[in-house]
Amino acid sequence: MIRPLPSIVDRILDSYRSIGAINHLDGPNLPSRDAVVAIIDDLESVVFPGFRDVGPMDWDELSFSVSERLNRVCRALILELEKCLCFKYRVERDAPCGRAGATSSGSAGPNADSSGGGSESYPRLGECREEAERVTYELLDNLPELRARLKLDVEAAFAGDPASKSREEVILSYPGVEAVLVHRLAHELWTREIPLLPRMMSEYIHGKTGIDIHPGATIGDYFFIDHATGVVVGETTVIGNHVKVYQGVTLGALSVKKEEANTKRHPTIEDRVTIYAGATILGGETTIGADSTIGGNVWITSSVPPGSRIYNRPSDYIVRQRHREEVVDFQI
Amino acid sequence: MIRPLPSIVDRILDSYRSIGAINHLDGPNLPSRDAVVAIIDDLESVVFPGFRDVGPMDWDELSFSVSERLNRVCRALILELEKCLCFKYRVERDAPCGRAGATSSGSAGPNADSSGGGSESYPRLGECREEAERVTYELLDNLPELRARLKLDVEAAFAGDPASKSREEVILSYPGVEAVLVHRLAHELWTREIPLLPRMMSEYIHGKTGIDIHPGATIGDYFFIDHATGVVVGETTVIGNHVKVYQGVTLGALSVKKEEANTKRHPTIEDRVTIYAGATILGGETTIGADSTIGGNVWITSSVPPGSRIYNRPSDYIVRQRHREEVVDFQI
Amino acid sequence: MIRPLPSIVDRILDSYRSIGAINHLDGPNLPSRDAVVAIIDDLESVVFPGFRDVGPMDWDELSFSVSERLNRVCRALILELEKCLCFKYRVERDAPCGRAGATSSGSAGPNADSSGGGSESYPRLGECREEAERVTYELLDNLPELRARLKLDVEAAFAGDPASKSREEVILSYPGVEAVLVHRLAHELWTREIPLLPRMMSEYIHGKTGIDIHPGATIGDYFFIDHATGVVVGETTVIGNHVKVYQGVTLGALSVKKEEANTKRHPTIEDRVTIYAGATILGGETTIGADSTIGGNVWITSSVPPGSRIYNRPSDYIVRQRHREEVVDFQI
C-alpha cells in the first residue's frame, strides 16, 4: 500500500517528462536567489558604509573593505547576469547562447555548428559574458551617483517622519529606505534590459519590507515610503520628486489585458504629491498634478489637476451607542 | 541593586513553575520552525526542478538529486509529524503517546503501565510513528499530482499579469505562486488531521509573502494572487477554479465567537471570480456567484448572484483645489 | 571605456568624502542587525521555554540551558546598548563618549578625564558601559513579569480566534503574539531612553510579521492582533486592556509636522475595544471609548464615546449583473 521511496522518485521523474513548463532542466542555469541576497547585502554595505557591518575604520581599512566587497559583487553579478542574458537570448532567438552560425566567424570550435544564414540573430559565443561584464561595470561605476540620490531619500525620510530621531536610525531601520535602495539598483538593470534578476531583487525586498515596486517604475528624488507594508507600485508608474507615500498605497493598472502589456498602464505622480495610507490610484492616463494631496483610502481612476486635495467625505457611517440598554444614533 | 545573573536565572525558573500554559516542558517535543523551513525548501526544489538550485542536469544527476532530497524530506517529515501526532493524542486523550493501557494487550514492555479500561482511547506504542510514516508517504506519493496542479497556477499567474515576461520569471519571483504551493502542501496535511505543522507552514509563508491562507481553506485550480501583501483567506473558505485575487483582499468571518468554530464561517467564491485590491468578503453564508467581479475596497457581507459586478460609487469625495489662494470645489 | 575595479573603488571612496550624512565612518560602532536577531531569538526561547528549540527537558537541563542563553543575551545586549548610548551622548552632547571635559581642558592623555568646567555634560569614560550593564540587568530581571503579561496575550489570542486549536499552536505560529512579545521588550528599552536598538527590534519583527508597532507605543494587557499584515501603531499611541485589532489597522497621526514630534500625535484606545480590518484611527486627541467596536475600513479622526459601534453604510455600491446580455442594477 505504501509505495517505497525509489518508486516515488521514479513517478516524480516521470512527471518531469510529462508535465512541462514548470521544469527548468535543459536550458541555461537560472539566477540564484541566494546570490541575489548576497549581492544586495554587499551593495548595501558599500552604499551606506559603517551601517550594515562593523563600524568605524580608518581609510586604509575602508579601502580594503570596499575593494573586497566590490570584487565579490563583481564576480557574482557577472555570473548571474550572464545567466539572465543567456536565458533572454534563448527565449528571444530560440537558440542556445554561444551557438555559432554567427556573422563573419565561420570559425571552428566546440560550439561552432552552423555556417551562415540568419547569422545576426544568434548570440556569439561569449556574447552574454561580455554583456554581463559591461552591465556589471556600468552598475558599479554608477554607485557614487546612486549614493548621492540615496542621500536625498534619507533626507526625505528624516524630514518626513516626525518620529525619526536621527539619520542613523533612518538608515538602520526604515524599510522604505532599504526598498528604495534596492529599487534604484534593480531599475538600473531593468533599463539595460536584463530579465529575471531585477524582478528577483524587487521580490526579495518585497518579502522583507512588504513594499512591491516593479523594477520598471521610474522614481524621482526625495522619495519616501512610510510604514511600508502593502505598497504596490506598478511597472509603468512615473513618480516625480519629493513624493511621499504611506502604507497600503497602490499605484496600479485599470486593465489587466495581456495584450496591453506594452502600453503605459500605471499612473503618473507629479512633484510634491503626498498619498496617504490605503489610497488607490489606477490607470496609465491618470496623472496626479503637482502639489496634490490624496487622502487615505481614496480611490482614483482619472487625473486630478495640480494643487488638488482629495478626501473621503467624513461621517458617512452608521454610528450607534449602547448606553444603559438604549441604542442611540449620533454623528461623529 | 543589580541582581546577579544566577539569581535572575532562578527567578525565571521559578516563573516556569508558577506561570503555566506558555511553557512546554513536560509534553512531547513540538515541531521545529527550522525543520519546517528546510522541508518546504526541499519540496519546492522537487516541485520546480532547476529553479531553486543549480540548473541543468542530465537525468542521472537529476535522479540522484531528487532521491537525496526526498530522503531528507522523508526523514524530517516523519519526525515532525510524529511530534504533531503525539501532541494531538496527548491533548485529545489526555494521555502520553505510547502509553499502554491498551485493550487486549496486557503485555509488558517499558511503557506498559496500565492494564485495561478505556483501552481504545490510548494510542499504542509506536502508533504516532506509524501514522507519521503513512502520512509522509502519502504526501510524497502525491507530488506528481501536486505538480500538475501547480502548473495550472503558474499558467494563471502568467496569463493574469500583463507585467509577467516568462513562466520562469513567475516561478522564480512571484510570491503568490510560492504561497499557493505551500498552501497546497499544508492543506494535504490539514485534511489528514495533522495539528500544528500545517499552521506553522502557512505562517512561515505568510511571513515571507504577506499572504495568510489558513491551511483549512479549499482552493480550486488556476488560482492566482497578484502583489500578495495583506491577503487573508480564512479556515473554511471555499474557492473555485480560475479565481484571481489582488493584494489586501480578506475572505473572512463575520462572527468571532469561539463556540461557532466548527461551522462554515468564511465565504464561498465560485469559478472565474476576480476580486480587486482591498476588497473584504465576510461570512460563511456569503457566496460570490460565478463570473463576478468585486471591485477594489468593496465590503460584502451577503451573497451576490453569478455575473455580478460590484464597484464603489466614484467621486464621493471632498475635492478641493488651491489655486492662487482660492479654494474651489470640483468633481472628478 | 570600462573603468577598472580599483578606479571604481577610488571613486566610491571619494564619494564617502564628498557625500556626508549617509556614511558612518568616524563615530562609535552602530548596533548590528544580526545581533538584534540573535538577542530576540534567545529571549523568545527563554520566555516560551520548549517552544523555540528542542522540547522537554528535566529541570537540571533547563537550568543549564536558561543560564547559557541568558549569559549570551547579557553579553550581546550590553555590547549593543553600549553602542547605542555612545551614539546618544555623542549626538546629544556633541562629544565622543569617554572624551575628556573638552572645552577648557587642553589636558593630555587619550581619554584624560578632566576636572572642571561643564564637565557633567560629557559622559565619563565608561559611563556608557555602566549604563548598558544596568539596563541589561533590569531587562533580564524583568523577564518573569514579562512572561506573566505574555501569558495574558496568549490567552487573548486563543480566546479571540475561533480558528485557534490550542495554546501551543498560538505560541508556535501566531505572528501577532511574536510581534507583541518583541514590542514589549523594545518598549522596555524605549522607556529607558535607548536610541536605535528599540526601532531596529521593531523593524525586524515588522519585516517578519507585517506588524509595525513603534516601540514608544503603550499597550495594555490581553492585546491580540489577528492576521497581522499591515497593522501600524504609532509612537504615542496608548492602548488599554483587552483590545483586539485586525489586519491593516492604522493607529496613526493626523499631522506630520516635524515640529510637533514631541506632542501626543496618535490615538488612545480604551479597554475592550475591537477594531476590524483596515480601519484607520488618527490623531493624538482621538479617543475610542471603552467597549466600542470600530468596523472594517472605517476612518476616524475624532473621539467616539464609550460603547460606540461604528460601521460603514452598506450597499452604497454600483451593482450590476450581466444576464443574457442584459445589465440590471440591483441592491445587495
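Lettered A, B and C in written order, each chain numbered from 1.
Assume a residue touches a chain if its C-beta (ideal position, glycine included) is under 8 Å from a C-beta of that chain, and two chains touch if they have at least 3 such contacts.
As the structure is a prediction and not an experimental result, all values here were calculated from the model.
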| item | value |
| --- | --- |
| Magnitude of the superposing rotation for chain A and chain B (Cα, nearest 5°) | 120 |
| Type of chain B:chain C copy interface by residue overlap (half), same or different | different |
| Intercentroid distance (Cα basis), chain C paired with chain B, Å | 26 |
| Interface hub residues of chain A, defined as touching at least two other chains | 210, 229-230, 248, 278, 297, 312, 316 |
| Contact set on chain A toward chain B in their complex | 2-3, 5-6, 8-9, 11-16, 19, 21-33, 83, 87, 91, 195-196, 199-200, 202-203, 206-207, 210, 212, 214, 216, 229-230, 232, 234-235, 248, 250, 252-253, 255-258, 260-261, 265, 278, 280, 282, 291, 295, 297-302, 304-313, 316 |
| Chain B contact footprint on chain C (complex, rising order) | 46-57, 59, 62-63, 66-67, 70-71, 74, 133-134, 137, 140-141, 143-144, 147-148, 150-151, 154-155, 159-163, 165-169, 171-175, 208-210, 227-230, 247-248, 277-278, 296-297, 312, 314, 316-323, 332 |
